[in-house]
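My questions all concern the structure below.
Just so it is clear, A, B and C label the chains in written order, and each chain counts residues from 1 on its own.
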């Protein structure tokens, strides 16, 4: 079973599929596991919880998200530390889980504030302020204090960067396109299969120059009648076929 | 209504954001702060007793007239005004941490939340809910963030002290397992 | 007031512009145009008889609640008295460019911003945020601008190197994934 999110259980789809946004982070997921299992946060069975954490992030497809992996590694490290023989004199022993417990408690406290903010914010969303406001006269005494924060200045920098086409702002790594090479690849794929899709030709982690090369190759080959490009409906993946005519020829 | 209450009403109707007490007092140099407070009470009572579509509230560091919640749906349905978008859970978490720990740097927020918060900070900043309030003295002198008056306004808070103190927050975590988590 | 009059008051308060009669009627499907007209009369009379700081007026093809003219002057005076100076977006952007690119000439700023910046430069100079720091070696030896010590004071910075660096800005203002580069 998927743990209901603390906040929006009613939004949960009944299916096993859970969006990444369902948990706000590894601590959220960890707390949800602890609650599901009705565990005492001060005495977490770390081996079991580490195992469940790993299983869950793999189910949720979060096992490539750095934040979750870091937590998984942390849990495994604590698990290993728990297995170390304790030194003589128990009082010298520090529970390897202590730091995790502290963080969970802190996170927990913050979630309480989130609940409060969410409640109040939702109430406030039901009240509208005045929208029509008379045009204020633009006369401000020059000796009035200047209201200007660092945040405003930085926001202005951001606006400038976003709206400017400043050639010196971009670092261009020259990389020649390889259209001929891409044409060879496309021909090779179409020699084996009658049709292919875009991602058969371009790896999902392709560099921009590779993508451009394949694109130009396809356009060139289509122009020369070597292949046909079709998209059967909007946003469908593009189908690339050997051209029947050139094939017959 | 008294002339001062009328003047305050006129001013509050002309402002999209809360007006601070001192600014309200500046409307009429003859009136004391006490007189302004009394006139605000008069206005609030008038709205409540007479049955108006709006009410007077104190929040966000000042006074503001808002429509009553019961009319929100009709107003939105008729597309007279739109409600602001809800914040994501990630944004709320980040905001909660900043509200309690301000001034606070990015690294410290990430330590508490356990995830990167760069883009969330940007969107909170764009919505005017947080601002950069300075730089830490620490290594690299990181930027420090704090909440704004708009934050108070959007969450109907009069001031930050209205949030429960850290020690007032229930840490109902010790003991029985099923009390370990936030109440639903 | 009747429930319909209250609803109309709330909607008129929250609306950014005058609302036409038909749009007002859309607020409550149960109510006829005649009922809406009666409720508007009720609201107008309430404002007039009870002595309010606002009034209901029909203008610009619709209905609107406006501050009574007799209070407008006092409100404006008070607003001016407490209003802190704010820089316009154009001034802020120009200041940002000068801060990160100084010393910089007017032509270069205009090239980046795509508009003339003469008057903006003048007002930034009047406010003491920028100053002329030299002349370029280029044709016509144009004036070069830079920020002042008052600029640093405004942001509580000790020296210019404390302005966020390019990589910090990327983190503070953009999503972690973006890699915007601030001009050196």
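Operating definition for what follows: a contact is a pair of C-beta atoms (placed from the backbone, for glycine too) under 8 Å apart; a residue touches a chain by one contact, two chains touch by 3 or more.
Note that the structure is a prediction, hence the values are computed from the model and not measured.
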Most centrally placed chain, judged by C-alpha centres: B
A-B or A-C, whichever has more C-beta pairs in contact: A-B
Distance from the mean Cα position of chain C to that of chain B, given in whole angstrom: 20
Chain A-chain B separation of Cα centroids, rounded to whole Å: 29
Distance from the mean Cα position of chain C to that of chain A, given in whole angstrom: 34
Where chain C touches two or more other chains at once, by residue number: 10, 13-16, 67, 72, 79, 156-157, 164, 172-174
Two or more partner chains touched - positions in chain A: 128-131, 134, 149-150, 154-155
Contact footprint of chain C on chain B as seen in their complex: 1, 5-11, 13-14, 20, 22-23, 26-28, 46, 50-54, 65, 67-68, 71, 74-75, 77-78, 80-81, 106, 116, 118-119, 121-122, 125, 132, 134-135, 141-143
Residues on chain A engaged by chain C in the complex (per definition of touch): 128-132, 134, 136-137, 139-142, 144-150, 152-162, 164, 166, 168-171
Complex contacts: residues of chain B adjacent to chain A: 12-17, 57, 64-69, 72, 75, 81, 83-84, 86-90, 92-93, 95-97, 99-100, 112-116, 125-126, 131-134, 143, 153-157, 163-164, 166, 169-171, 173-178, 180-182, 184
Contacting residues of chain A [partner chain B, same complex]: 5-9, 21, 24-27, 31-32, 34-35, 37-42, 67, 71, 103-118, 120-131, 133-134, 149-151, 154-155
